[in-house]
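Please go over the structures that come below.
Each of the next two complexes has subunit A plus one other chain: subunit B in the first, subunit C in the second.
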Partner chain A sequence: MEMIIISAVWCPDCLIMKKEIKKIKEKYPNINYIEYDYDMDEDKIKKYNVSNTLPLIIIEKNNEEIFRCSGAKKEKELINIIESIGL
Partner chain B sequence: MIYLDYSATTKPLDEVLDTFVNVSKKFPGNPNSLHKLGVEANTLIDKSSEQIANLLEVKKEEIIYTSGASESNNLAIKGIAFSYSNRGKHIITTELEHSSIYGPINYLVNNGFDVDFVSLDENGLIDLEHLKSLIRKDTILVSISAVNSEIGIRQNVEEIGSLLKEYPNIIFHVDATQCIGKDKIDLANIDLISFTAHKFYGLKGIGALIKKDKVRLEPIIHGGKSTTKYRSGTPSPALIASLAKSLRLALTNLEEKYDKVLEFNSTLQKELSKYKDVSINHNKYCLPHILNISVLGIKPETFQHALEEYDIFISTQSACSSGENSRAVYAFTSDEKKASSSLRISLSSFTTEEEIKKFIEAFSKCYQNLHLK
Partner chain C sequence: MKKIFLTLFFFFLIVLTNVKSVKAENVDIYLFYGNGCPHCKSEKEYLNEIKNKYDITIHEYETWYDSDNEKLMTRVKNALGIENPYVPFTVIGDIGITGFNDNTKSDIEYKIKNYNNSENIVEKVLANPEEYDTLKNKVIEDNNVTNENKDTNEEIKDIPLLGKVNVKKVSLPLIAASIGLVDGFNPCAMWILLFLISLLIGSNDRKRMWILGLSFLISSALVYALFMVAWLPVARLATSVGLIRIIIALFALIAGIVNIIGYFKKEDGCEIVSDNKRKKIFSKIKKFTKEKHLLIAVIGMVILAFTVNVVELACSAGLPLLFTQVLAMNNLYTSEYILYISIYILFFLLDDLIIFFIAMITLKATGISAKYSKFSHLIGGIILFLIGILLIFKPEILMLGF
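Coming up: the complex of A and B.
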């Protein structure tokens, strides 16, 4: 499973989410985390059809998108999402 | 043209432009040069600094000239973090800041620093008890804007500064970009203050960071010593003199100008609150120069462009932000619909009654047209 995280340096929600993402990374070390910067990785994120609401989190399984959400989320919300999908 | 986007930027006054042109012509020397032309240019900078210092009630040696508020904010945050990292790596800020606060903090978090956000009360003001509870032994910096650029909430930075005096290890930075030149601000208990001239009819490209003399600061632009060791680069006498001029003019009759803007703001609130789908995102703690509203159900860009047809210019969000929702409006209203449909009308003492009248008429037409679609 891959978790793609797209954030920007100017975005307060992205800053708030950093702590939550860190906890998720520690809890689920087997997920492959790919992080992109909204401004610096413009070319790489084109394929994800990113709107302006950040951070954007996309979960892919076998190269297929199975979930996406944007904006600030708490650790618990992220855990619920990951658990409902199943590793 | 009816310009109601004064919080994004202002048109420089003729007097300010004259100062810039005259100084550019009469003081061509590099202020760092030791010859006569250099000394003359340096003396002019010194006089301008003295004037700015008197107006803001700080010491002239405490002024660091920058290219604008974004650089001032970067210098304040990174400069403190690099200088005091041996003491701690914890920073406290709010959800109502400009992107030039989040940018450097984000950079620092990626490099081992930790950040916490202080909660706001129901009025959008800093929850002082929560602020106290967030303070740790390793907290080195608290950064809070005096006035939020989207909603206009005026934080009581004077009281916060007084509270933080009890924590001598903490440096208190205030981004006063939307406050200086519009409202009185007492800088006595604030360690670092950012501002820029183009928000009060000065030129773009010049701002300052006031650094109280007890504060240590690591420069972010290294090189030779210029007007200050904290920011290298040849200083511009013309820009610095124009900053002094614009600040002096902005602070002249400040209360009278404030009251005039307050009256326009009250008129707009009274008129716009008549529309059932308009929410007024404003309270008594907001600076009257900013009136944030939400026109529910209509994309802010659509409304902005509709007003543009009448040659009226307002803003959808802070000019330096992005995102579909306004974080500040959401923090203030806890309402996603309002946060996704907010418009900022920003006023000036140069705004006229006629302009307000025309704006109200155009608003009515745009509202009706867009609601009929």
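Coming up: the complex of A and C.
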């Protein structure tokens, strides 16, 4: 199970969400976290078809996308997402 | 007998002279006013009231919409040594009274009663206008006007929690600070600052980081200030030409509606700026931050700030333009314009400065949630919309009693 996080250094919401993701990483160590930078990893993120808002969180199970959301999310919101998917 | 006759002759002569001097004479009152100025309106009503009480002739000169009258008022003020552009301005004989309140009323009536063939300064100026193009012997107080007149237009209001507040002294700085703060949360140029910070943090030279970052921020502030100063003549013209004022008001209404709609339509998160524009700006920032010579790097930062902010102005021009309009409507001194624009810029930059200082001290980039910038669209939109409505229907409210 993978959580793909696409962010950028120039995006304030991405900077804010970094702290929340750190807490989630500690709480759910079994999830594989993959972080991409929108500008540095341009080629790698092409396949995710990023819309026009960052940060973008994509959850994949067996290489299939099962969840996607954009904008800054707080720890509680991220926990709710993870629990509802049942990771 | 001859002595008695001479004594009687001189006695009657003195009595007659005195009778002539106490006899009420027609007093010319010159009122310089602005159309839409609330204090001027009150003074006009008051002068009309006392018309029946005294033998007076009122000469009215509208100065906001009539440049010849404005010029005449400036010349009369120059002749009296008064250096301020305020209306209402009343001239009786050789005294000038700025503003209007209860104290002014007693000054006006005192002067009417004690006119005594005073020199008519307005007539004197009209006879030789060019002579009064410059200020003569500046005075601190208006001629023969009591000290109370210093604060003629000031309105003291009792505000809960704050107590007695002088509306004139606090309203413009307060408006400058609040609109500047709302404008500061506008995210138009924030992404550039954050990218710059991310590159600066990467370098090990703290002194260089501070110099380059502050060069960018100060230059950005300067662009904004220059833009507002450049708009001032247009804004002043708009106060005197009704049609231009209506056009600006319509612009404010449209910008306000667009901002309010933007609040409801915009998704949470950071909007991605077009690839082309972003990459161009990023490559310039990289080039200048990596420049070995500090002076060239600083010049690069200044050029970058100017180009980027001029482009981004299109995104956030509404509030500074409208704020400049409010300033122009208040007929201020040049130093006051500069002061209020500086307050606006300071508060506009406040969030950028906080983010920059935190990053430079902690070496970690931080940001203010896009939720706040989205909210600033709503507040900014409402401000624009309200100013637009006031410009059309009640422009005198924007004059804040000046």
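In this text, the second predicted complex is superposed on the first by the 87 of 87 C-alpha atoms of A that agree within 3 Å, B and C clash if a C-alpha of one lies under 4 Å from a C-alpha of the other, contacts with A are read in each partner's own complex, and residues count from 1 in each chain.
Basically, a residue touches a chain if its C-beta (ideal position, glycine included) is under 8 Å from a C-beta of that chain, and two chains touch if they have at least 3 such contacts.
As the structure is a computational prediction, the values presented were derived from the model and not from experiment.
Asker: Go through the superposed model and pick first if A:Y33 touches only subunit B, second if only subunit C, both, or neither.
Answerer: After superposition on chain A, A:Y33 lies in contact with neither partner.
Asker: Considering only the touch criterion stated at the top, classify A:A8 as touching first (subunit B), second (subunit C), both, or neither.
Answerer: Once the two structures are laid over each other on A, A:A8 reaches both partners.
Asker: Which partner reaches more residues of subunit A, subunit B or subunit C?
Answerer: C
Asker: Between subunit B and subunit C, whom does A:N52 touch in the aligned arrangement: first, second, both, or neither?
Answerer: both
Asker: Considering only the touch criterion stated at the top, classify A:I16 as touching first (subunit B), second (subunit C), both, or neither.
Answerer: Touch partners of A:I16: subunit B and subunit C.
Asker: For subunit A, give the residues common to its interface with subunit B and its interface with subunit C.
Answerer: On subunit A, the overlap between the subunit B and subunit C contacts is residues 8-16, 52-54, 71.
Asker: Okay, in this complex, where on subunit A does subunit C touch?
Answerer: It is residues 8-16, 38-39, 50, 52-55, 70-72 of subunit A that touch subunit C.
Asker: Okay, in this complex, where on subunit B does subunit A touch?
Answerer: Residues 95, 97, 99-100, 102-103, 105-107, 109, 115, 117, 320-325, 327 of subunit B touch subunit A in their complex.
Asker: Contact residues on subunit C for subunit A in the complex?
Answerer: 187, 190-192, 194-195, 198, 267-272, 278, 282, 365-371, 373
Asker: Can you check the complex and tell me which residues of subunit A touch subunit B?
Answerer: Residues 8-16, 18, 51-54, 71.
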